[in-house]
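These notes are about the structure you will find just below.
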Amino acid sequence: GRFGEFGGQYVPETLMSAIEELEIGFNEAIVDTAFQSELAERLADFAGRETPLTFAENLSREIAGAQIYLKREDLVHTGAHKLNNALGQALLAKRMGKQKLVAETGAGQHGVATATVAAKFGMECLIYMGEEDMKRQQLNVLRMELLGATVIPAVTGSKTLKDATNEAIRHWVAHAEDTFYLIGSVVGPHPYPKIVRTFQRIIGDESRKQFINQTGKLPSSIVACVGGGSNAIGMFYPFLADVDVDLIGVEAAGLGVNTHQHAATITKGSKGIIHGSLTYLLQDEHGQITEPYSISAGLDYPGVGPEHAYLADQNRVEYKAITDLEALDALKKLAEQEGIICALESAHAVAEALKEAKKRSAEETVLICLSGRGDKDMHTLQQRLKEEGNHV
Amino acid sequence: GRFGEFGGQYVPETLMSAIEELEIGFNEAIVDTAFQSELAERLADFAGRETPLTFAENLSREIAGAQIYLKREDLVHTGAHKLNNALGQALLAKRMGKQKLVAETGAGQHGVATATVAAKFGMECLIYMGEEDMKRQQLNVLRMELLGATVIPAVTGSKTLKDATNEAIRHWVAHAEDTFYLIGSVVGPHPYPKIVRTFQRIIGDESRKQFINQTGKLPSSIVACVGGGSNAIGMFYPFLADVDVDLIGVEAAGLGVNTHQHAATITKGSKGIIHGSLTYLLQDEHGQITEPYSISAGLDYPGVGPEHAYLADQNRVEYKAITDLEALDALKKLAEQEGIICALESAHAVAEALKEAKKRSAEETVLICLSGRGDKDMHTLQQRLKEEGNHV
Amino acid sequence: MSERLRKAVTKEKLFIPFITAGDPTIEATIELALSLERAGADVIELGIPYSDPLADGPVIQAASKRALTAGMTFAKALEMVSKLRERGLNAPVILFTYANPLLQYGFTQFVNEASAFGVDGILVPDLPFEESEEFGDICAKEDLALISLVAPTSKERVEKIASSAKGFLYCVSSLGVTGTRNELHPDLKQFLQVVKNSASIPCVVGFGVSQADQVEEINRYADGVVVGSAIVKQIGSLTNELSQPESRSAAVAKVEAFVKQLHQPVASR
Amino acid sequence: MSERLRKAVTKEKLFIPFITAGDPTIEATIELALSLERAGADVIELGIPYSDPLADGPVIQAASKRALTAGMTFAKALEMVSKLRERGLNAPVILFTYANPLLQYGFTQFVNEASAFGVDGILVPDLPFEESEEFGDICAKEDLALISLVAPTSKERVEKIASSAKGFLYCVSSLGVTGTRNELHPDLKQFLQVVKNSASIPCVVGFGVSQADQVEEINRYADGVVVGSAIVKQIGSLTNELSQPESRSAAVAKVEAFVKQLHQPVASR
């Protein structure tokens, strides 16, 4: 249950049997062909997979470096890669006889994905969301409610994602017998990071096949953003053994990694325990977890999936950090040049990928995991562009 | 250039040569395999086609009538079927040597689709949008601007879609030599209705193939919403010869077809000329075009595609009308039961399809064209639900 | 074609002002039409307002909106022409309207009434050659001239349009909608040469003519001009005065003076 | 295990109150801890505040926040125990903290200092059996008891946990986080029977105990109770009084009286 020294099961005893039951349930499901084929069918018929691999012809021309390709998770139903995992875990919950789902959400994307699968599978759904986030993301609250979920404000701490996660876990502790905790990223106690990776690796599996089909070779480099890190692990995992493929995870540098306003967990954090696993995290010298910051709500998390911590220590994946401003510029550039308005999270990957592509030759290629679409970020963008006094 | 008596080319002489040039250009393109294969590639790699056919298991169970299927145009890049046509016309414009696109938009969906293809193909893009609509749909204005388009407010008339269309046509009149007018629906002078149908029939072509694959037969009935009517024509066209397949077009009844607040053009309108073609439209006894109304901006149009007028007169397609309230209920039901928040436009089709399915047996099937996703409608829904004092 | 129109178009340089019927009131339009004749109009073009005037620029759109708000209709416009004839108007009157209200009124009824009420011609900007056969035939029966337009983009179309055109041929001076423009299209001369080669009737130029020196310049190559938006703009700025009986004559006199000055180059030949 | 703890747990029914270190000030905690002993505490549980107290309910979360805001740290908490010993506290002290701050302080340094400063045991709710081997070994070297928890959901896990548990076994009375509850879990009795079959040390019950009659009922099946949130809530309502030196003694007396009343069923046996 570890990735090197990282991971583990740092949870109250009350949850241990639930986690053991989960591991058994997952191990059974994953070798059950009926489970696998229902999941495959739902991913195709409901979620809209496979998602395309788009050649970014204009960006590639402008950068005049490597050829840039986009894996289009923005086209998955509900607007991001989150649904891959939510579908997988909800089917697992059903198979394990749990009729209730509980989850936390930051900006609302994972909450919407969870509420969506709960609706489709006729399950009860509770979503914890920081009271502050609920105000900032009213429309996602409405989406979850339309989908039949109950959204509960987390009123502790800074009233954002970390606190919502604490509350969701507290709820789970009290209701583990009939409730499935549907975690949204490759974080949490074992076996969650493995479960989420298993349901997200379809990103990398499809990409590998498509990339070879379209270009005849593997990408020179793959870039994905990292908050908890599920889209990145999903993309990277099938390429880990391809040692010639450079893998780059991109964290949020917020106002800069030398300020206190960032979410660059691997770049600037230290080892510690958060939400059940040992990993890198942002904390003070007393081990109190500090508040991260990023313009992108999905990257605004003080921890990171333990497998990323491991891959960083192994030097298999390189972790970089991109600031708010760099991400905004990349978002605008991608929109203007390729006709795709991506999520602010994904824009971090785009920004780093442009730097990476510049260093490379025209025979080389860079693959970006475009993890989500930008519709949810329009309010943030509107406000930012207004502040900049820059009408786009 | 007519559908029975409907259609025609009621445009100023200034445009006639442009329309002739367009017809020649289109007829050449459509038999050019290079054009066809580039379009097919863009639809797959950029727009994310083919879109899935989703079985609505929960709705079907609840209705206990026909089995209900959804054609998922909500999963197309930018969120609706609009991109199918925008891609086709922009490629046609390029092939005809035009480097500038002009279009009008109501709620902004066609504007976003046009701005998207303009960005992808490196073309200039002007979008006319009613000043009132710009206020109501600020975020779509921002999306178009992020994509590099110039959005120009239409300040005449009621400052909504009809006026934006007038302005776009006026601009085209003045700049036909270097500008391509990218019309958003199966309306306008010949050959536009035919061009748009050709680029949208992929909806019906895919559906036909998928439906036979999944169910072994053709649907008993197909339901699609009709504003201008492009998603409906796209869906219906490949089934026109299948006389056993009932086709149902759904107009917006707004506050009711017996009030003045509706957009039920075929149901309540009369023959007349609008935007270059003879069709059914909403007008007073003097032939002045009246203001339509629907909660759904995409159906809020006083005319309808001339081919729909023809199909109505031929009794090949039956046209029904669904009120705002029925559409809202259907939207909520689909969200809660199937985990899909559809566009308000598409919700009209869902509402009628539920009625249709109820009349049928479990061996029969109803196919709904789910033309777009509901993200764009969240503000409208929020306001409506607030007014109802009904927190969902 | 009516005798009135046939005679009018024999003049060497035609001066054709345009106003919108019912802008701001029926009474004002009657006074204005009479003043146009006094100011030298050879033919008067009278716009019937429409909700969606696709071929018009903002000035005439605004006038249409004013007239519609004041209650103008097809029937009232026709009646107005009859009143104008009673009041002694001699100049031929061409009605300008759009295809849809015309269709709703009924082609035959319209043509019959127009002819009976003293209308000489009709111009429908969104009824191009290909769509005008039926209506053209009905007009022809009643000697009503269906005025045709040609544009710089018409190219190969010019010949077929010109050969069947009645009354005078309306040549669009520049692409786009009606409205005042400071500069004329650079290829206007060449375009007119092409048109005149095909046409056996006078070729007049409209769209964008707003100044006396433009009128003069155009008349070097063309058989006359249509001036619309410039006059309608004047009328628009006098809406209040024209609406009140007590201030109307003074306002009409102002418009008359403006039109006279525009017509100066033709009158002074 | 320390002699102090070994002796304390021989008592028939243990009464173990919990307070948060530094809530609202270090001085107040010292006075409160001494008062708990006077009120009959057999063991005192002292929480070291943490930013993300996953296993705690809202009452103890709020206390943690107050203590953190007032500047409480691991080092200060350890020092406080040393001061308590100087002030004559005899009851064993169990520190309650979370894995991350413990890890940052360093397992060995913490155990060495805790042991030297008079701490008798430590409870880490997010360090379950599977993750506690390394830390358990370090504790064992210094005779510090690493207190284990079992829950109604522990089932087959009870035996392995109970067999290696030190000091006393903390039985979670109900699922969920810490906090006061009006009713006890219906299967509590049965659960305790299972646990007691496996344990050779006292089995005390915590989570949700807030009333004297609950204490009495639990003591029928268990070897003692832990009372946390009910006391912490009292302290929270006296924050201002406890913070000021002049009003502190009166406030401490109120808490002492409340705890005495909770302890009544045990004391009166």
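Which chain is which? They are A, B, C and D, in the order written, and residues in each are numbered from 1.
By definition in this document, a residue touches a chain if its C-beta (ideal position, glycine included) is under 8 Å from a C-beta of that chain, and two chains touch if they have at least 3 such contacts.
These figures come from a predicted structure and were not determined experimentally.
Asker: Any idea how many Å lie between the Cα centroids of chain A and chain C?
Answerer: Taking the average C-alpha coordinate of chain A and of chain C, the gap between them is 66 Å.
Asker: Measuring from the mean C-alpha position of chain B to the mean C-alpha position of chain C, what distance in angstrom results?
Answerer: 38
Asker: I'd like to verify one number: the distance from the centre of chain C to the centre of chain D, where each centre is the average of its C-alpha atoms, in whole angstrom.
Answerer: 97
Asker: Counting only residues that touch at least 2 other chains, which ones in chain A make the list?
Answerer: As it turns out, chain A has no residue touching two or more other chains.
Asker: Name the residues of chain D that each touch 2 or more other chains.
Answerer: Correct list: empty.
Asker: Which word fits how the chains touch one another: line, ring, star, complete or other?
Answerer: line
Asker: Could you please write down every pair of chains that are in touch?
Answerer: A-B, A-D, B-C
Asker: Help me check something: in the complex, which residues belonging to chain B touch chain C?
Answerer: So the residues of chain B in touch with chain C come to 8-18, 156-157, 162, 166, 169-170, 173-177, 271-276, 281, 283, 285-289.
Asker: Give the list of chain C residues in touch with chain B in this complex.
Answerer: Spelled out, the residues of chain C in touch with chain B are 50-55, 57-58, 61, 65, 68, 73-74, 98-105, 125-131, 148-151, 153-155, 157, 161, 172, 175-177.
Asker: For chain A, which residues are in contact with chain B within the complex?
Answerer: Those in contact with chain B are residues 44-46, 48, 51-55, 58, 72, 74-75, 77, 79, 115-120, 122, 138-139, 142-143, 145-148, 331-332, 335-341, 375, 378-379, 381-382, 385, 391-392.
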